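Common to both upcoming complexes is chain A, partnered first by chain B, then by chain C.
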Partner chain A sequence: MHMLKRWPASLWVFIALFIACLIAVPRFGTVQNFVNLGRMAAILALVSIGQGVVIMVRGLDFSIGSAVALFSVATVLCAPVLGVAPAFGIGAVAVLCLGMLNGVLISYLKLPAFLVTLGAMIGVHGLCSVLVGGVPIEAPVGIDMSGLAHAGWFGIPVPAWLAAVAFGGSYVLMEYTSFGREAHLIGSNPRAAELAGIPVPLRILQAYVLNAMLVAVAGAVLTSRLGSGQPNLYPELPFEAIAACAIGGIPLTGGKGSPLHAVLGVCILALFMNALVLFNFPTYLQSMLLGVLIVESVLVQHLAGRFAWRAGSAQMQTNT
Partner chain B sequence: MNTQLSSASSQPWSRLPRLQQMTSLNAQALSGPMACMLMIAVMASISPGFVSANNFGNIFSQSSVLFVLAIGQMFVILIRGFDISVGAVAALASVVAVQAMPHVGESAAIMLGIMTGLLAGALNGYLIACHGLQPIVVTLGTTLVVRGAATALEEAADSMSLGGDGMLQLLGYAAFLGLPLLVWLAAIISLSAWLITRWLPFGRWLYMVGGNPEAARLVGVPVRSTETLAYALCGACAGLAGMFLLARSGTAIATEGAGMELQAIAACVIGGIALGGGRGSVWQALAGALFIQALLNGLNLLGSSPFVSEMVLGAVIVSAGILDYVVRKFKRD
Partner chain C sequence: METKDTVLLEARNLSKRFGATCALLSADLELRSGQVHALMGENGAGKTTMVKMLVGALQPDSGEILLEGKRLSNRSVRDAVAAGIVPVYQHSTLFPELSIAENLRAFDVASTSLPRLHRGAADLAPYLDAAARIGIDLDPAKPVRMLSMAERQLLEIVRAVARNCKLLLLDEPTAALNVQEALRLFDVIERLKEEGKGIIFISHKLNEISEICDVVTVLRDGRTVMNAAATATLTHRDIIHAMVGPVSARTDTALHDAGGPCLEVSGLACGGAFQDMSLSVRRGEIVGIAGLIGSGALEAGEVLGGAREATQGTIKLDGKEIAGRSRRYFKQQGVGLVPADRTADGIFPGLSCAANAAASAYDAIQTGAFLSRQAEYDASNMLFTALRVRPGDPDLPIGALSGGNQQKLVIIRNLLVPDMKLLVVLEPTRGVDVHARDAIHSAIIDAASKGVAVIVASSDLEEVMALAHRICLMRNGRLARTFPRGADPAELLACMGESDSPSRELHHAHA
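The block that comes next holds the complex of A and B.
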């Protein structure tokens, strides 16, 4: 019983949803569908883990949609000159620089994360559009970047492996190292963390850099899949990532949650979206149901939390 | 250290911190209008044709939608929230108004459009204030739902254009004293928003809740109602902005208004309204909106692409934050 309580509630939601999908949704339980699901969820999982780490230290990053666009534009522009692999390197460096800039402004200058990353979101989107003249730019013929996205290993697409590695690494980092413990403390009480001698600004900067690294991987996968540089590559990415964290049970006030929550949120979101597509619902209905899911899940978590708190205090009263 | 000094010293000195606080508060409140004037001066010097009565009329008429959205956003930023659903709500309001117009008449349809916005805002406010949910998650959810509803309504309809010349057409094209009627309407709305924040108890509650919700609750401010009402007002402003969009273009489009919410938040930030809540005024929101529109207009006249202005806008938002940091640091030292 004690072990059961330690599992996040979103795990049970995920299992229930998965079984419901297996029973009710046509063509859900096919291998091809699971491969598709893995492809879709992998990118969201990568960025949501990063977003979760940033949320842990009371931050937020709106700029990741523009960051993956920057990756694709920089890579496609550099590929004919430098070759494919160095071009991906340039893209990664660009995204890391953006993450560093965000992190320094937020941690050392103590600017609101909302404001900084909002500015970065708008500004970097403008920068990408200027670089390619406002229209998507295709990679020249003869340059093949699709290796990363379409390769597989043991029948599982490489992006899914990348997401799994990112999850494992970040889970160990957040749950079993001093960095993770300090990040938890910073999120739940920054003043106490400072008094305890933790280098708070440095840890916050590290969280943003970690996020940027994961976003760079996601950008590489997206660029490889599309083979083109697009300023409007994935503008809703930050909102989907924040929604995934919220659904998984990471409160946006910081200090709570783990990469496991983020990944569970992504799984629920991806499963739900996949089911809507398989049911062949019209796009507007998909959008509406997704919105309802997001609000509903945080509402349920809130109500459940209040219920548990009441039950806990009632138990304490009976005990005394 | 400072407090020790003031408590130990005689009366004239103990007044000093308060005086200091007041002057810095004024400096912060003035930063938006000053940035706006600076932008206009810069544009006037580098962009030919920027300074003309005609062009200023243009800037004002283009910014009327942003004025209304920024004022709505100001209400929720004052109580430490924000609303990213206003663009979608504006689109839904315009679609609803166009659909209802043949059935209920024009003025009732306009009211219905504004009510749609008000209801969407009230729903946001209820979830955020009464259940303590995060504004970003709730308004993101509403954005998806509202955008979906607008698309569904649009697909069900045969015509999304305003027929003939009604009141809305008149609003979009007629002018009074050289300025379009929409601008006058936006001015009236700004004035009433200013009156609300300045003279009504609700206005004072906004600042108290934003400054310190717990303290506000302890002195008897109805915190939840205030927050819900602020979101409802923001939604109503979004509905009104939808009517403005309709008047200007003559058609309702479900995908309209995308990105408007970010511009509205940016306007408040540039105007110097604190994202931490409790500080800011209508004039700052207006100055921020005017700043953005002057920037877009001036760069457009220079012949640069709209993407350059997007870059500049992003840099300006971050610089507004850095400026705030410098002011804070200067104050502390």
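The block that comes next holds the complex of A and C.
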């Protein structure tokens, strides 16, 4: 059947891991733990979907950790003057501007994404520190920004709903619109995409803007949760997002994968971390095992890819 | 001086496959010392593959390479250089920010596995000797970035000679040189000959071949078709014959009559590639642009398809000026383009056949904002059948198909360009099997019969003759002559081989 696409391999990994956790990990199958899991995974899912779209067009974005910090700083600084809702708007505009800047430099000026976003990561972190004078600032007493992070709907926290909506929307966008199809083509072979008449720089810019929108949502949730402006809000965010994409099966070479892969990567990562916490592993051991998980999943995909390539060429020879 | 006429290098029965394509099947080469040996062939003939094997960058699937009777096997580029086979490429391998002296020493450093101290000027003596021997003056302190392309090339040759190379491989050495610089290079080559070096000279310029090469080896479709023939006994036409192969004027396919004017090109030029091209194509007409590599035929096709920017002139499509716009704009005006290099510019590896086929058609096949897989299948389905794509499963990744079937998909993609007025096809059937060739030819003729103006730019004369209403022959960047359908192939070949380059006359004046 044409419409039945093959399910990603990471789905089976996720299911296997989930069942293993249910059986082996103490206190895993409780409602409270699932709520915790959802809360933890929501932020990472939002930004990993965006990162996945950018990686699809052969890009990268290291600046998202600084971007969420910028959101928190801008919002907390503006809230006493403008009120809470407009302040969140300012935060979002700041993050979108950063995404646009990255996107224009990478798409139209053809600068390497690695360096542009690395520069943005360092520079924006510095900007945030300057804005708050080097120390995290708390929102003034009487200004409550916690609504977004702590509200729930049918017992499910709002951040998880946001992540679900982002996933659904981006999945349709990437798989069932010409934007998504063209993003795949660009990632697969940019020169051929250009010759096929696809507006390559525009699509790359759009990918970065879409990423920035999702990062802004993540920034809003984080700011709401903490109620403070922090230059060091979440420095590991870009690396966790890239790792989630890699685990889910989006290769850095572009052209392959979907938001489903990104979300599966996040789920595997979150389950793994959650299990380590419930087992009471020390923090440093958690990091070590996480590193092993990332490299091992890339290795497995690499080997699987080589195997598929062999099978493909064998098939080709029988055809001719 | 070493004795001439001993066999220096012998390659026997070399073959190499890349996936489904055979780059080389049973190619031979025999080079004697003190000989300048031309290696010729059209794109895809297997020249590059053979050169890579000689310099150790590729290993042959079968066959052997003997240097002075000793078999070379499983080597790296470093081993080849150590054995005395040194390539001089178009893109130099020098370090522009370092001085000549440092560049010359660089390879001494690279040849030892441990770092060591310079011994000052003594190091340079063999290099300066070698330079003097072949008539080159060197200032060791000068930085390489201040040298011209020609001087850099000579520096690389000096480096090779001083390191006692036996065989120099010059890959299109004159491509970036002016006439005087080329003549200077030829003088150096004469001296190298006297020293008994073997030289493999790769060039598309026939004049140069007859001027400085002793013998010619021609590859075609992965085989040696002319093996070390003496240039003295050959005319340009003989060499072109060998490169192009037997041309039979098969014009048995009936073509439809052409309609009204569609494309008007005047005074078109693109840098050094071609100049002063004027051409008009009518609806339903197939115009062939034929020419050897370097003639400007393919470049002209690229400019007409919007893949390369013209530096001068106008392109009017249905009266609308489109020169100087992006490839996207060309497509939106209804210009299809099948690029010459399928692997680099054509296919989307890793994606399905349907996605590859429908890539240019999204504007036409989406419903509202949405584009379903089903729409991709539906758009390309009929053409999959018409062009007999095998295997015809649209979900299969394109990498699983043979080269011919991949090319069919690139053709289908362009047949799906919405409101197509002009279809530009570059090298429509390079490296594809005969069945795919027939299917692709029928598809092109079919497109023309529906009123599309078609331009076929190809170095394959037979193909152009079979397809086109008329053939524009390009030579040295200009339209040399236009032939009607059914013209005598011999006449076309003769026209291809005519010389109108000034270099020959200049050289005689110089001598």
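One rule holds for everything that comes next: the second predicted complex is superposed on the first by the 305 of 320 C-alpha atoms of A that agree within 3 Å, B and C clash if a C-alpha of one lies under 4 Å from a C-alpha of the other, contacts with A are read in each partner's own complex, and residues count from 1 in each chain.
Basically, contacts are C-beta pairs under 8 Å (C-beta built on N, C-alpha and C of every residue); 3 or more make two chains touch, one makes a residue touch a chain.
Here the structure is a predicted model, which is why all the values come from computation and not from measurement.
A.B. asks: Between chain B (first) and chain C (second), which, if any, makes contact with A:181: first, second, both or neither?
C.D. replies: Once the two structures are laid over each other on A, A:181 reaches chain C alone.
A.B. asks: Chain B or chain C: which reaches more residues on chain A?
C.D. replies: Comparing touch counts on chain A for chain B and chain C gives B.
A.B. asks: Just checking: does A:283 make contact with chain B only, chain C only, both, or neither of them? Give me first, second, both or neither.
C.D. replies: After superposing on A, A:283 lies in contact with chain B but is clear of chain C.
A.B. asks: So, does A:292 touch the first partner chain B, the second partner chain C, both, or neither?
C.D. replies: first
A.B. asks: On the A-aligned overlay, A:189 touches which partner chain: chain B = first, chain C = second, or both, or neither?
C.D. replies: After superposing on A, A:189 lies in contact with chain C but is clear of chain B.
A.B. asks: Is A:197 in contact with chain B, with chain C, with both, or with neither (first, second, both, neither)?
C.D. replies: second
A.B. asks: Tell me the contact category for A:109 with respect to chain B and chain C: first, second, both or neither.
C.D. replies: The first partner, chain B, only.
A.B. asks: Let me test your reading of the model: by the given contact rule, A:243 touches which partner, first (chain B), second (chain C), both or neither?
C.D. replies: first
A.B. asks: Where on chain A do chain B and chain C both make contact?
C.D. replies: In chain A, no position sits in both the chain B and chain C interfaces.
A.B. asks: Any idea which chain B residues touch chain A in the complex?
C.D. replies: Interface residues on chain B, with respect to chain A: 82, 127, 131-134, 136-138, 140-149, 151-152, 155, 262, 265-266, 269, 275-276, 305, 307-318, 320-322, 324-325.
A.B. asks: Contact residues on chain A for chain B in the complex?
C.D. replies: Those residues of chain A that touch chain B are 60, 105, 109-112, 114-116, 118-127, 129-130, 133-134, 231, 239, 242-243, 246, 251-253, 282-295, 298-299, 302-303.
A.B. asks: Taking the touch rule as given, give the residues of chain A at its contact with chain C in the complex, in rising order.
C.D. replies: 2-3, 172, 176-178, 181-182, 184-185, 188-189, 191-199, 255-256, 309, 312-313, 315-317, 319-320
A.B. asks: Quick one: which bits of chain C touch chain A in the complex? Just the residue numbers, please.
C.D. replies: That would be residues 19-20, 307, 327-328, 330-332, 337, 339, 344-351, 355, 359-360, 362-363, 366, 369-374, 376-377, 390-391, 394-395, 397, 399-402, 413, 417 of chain C.
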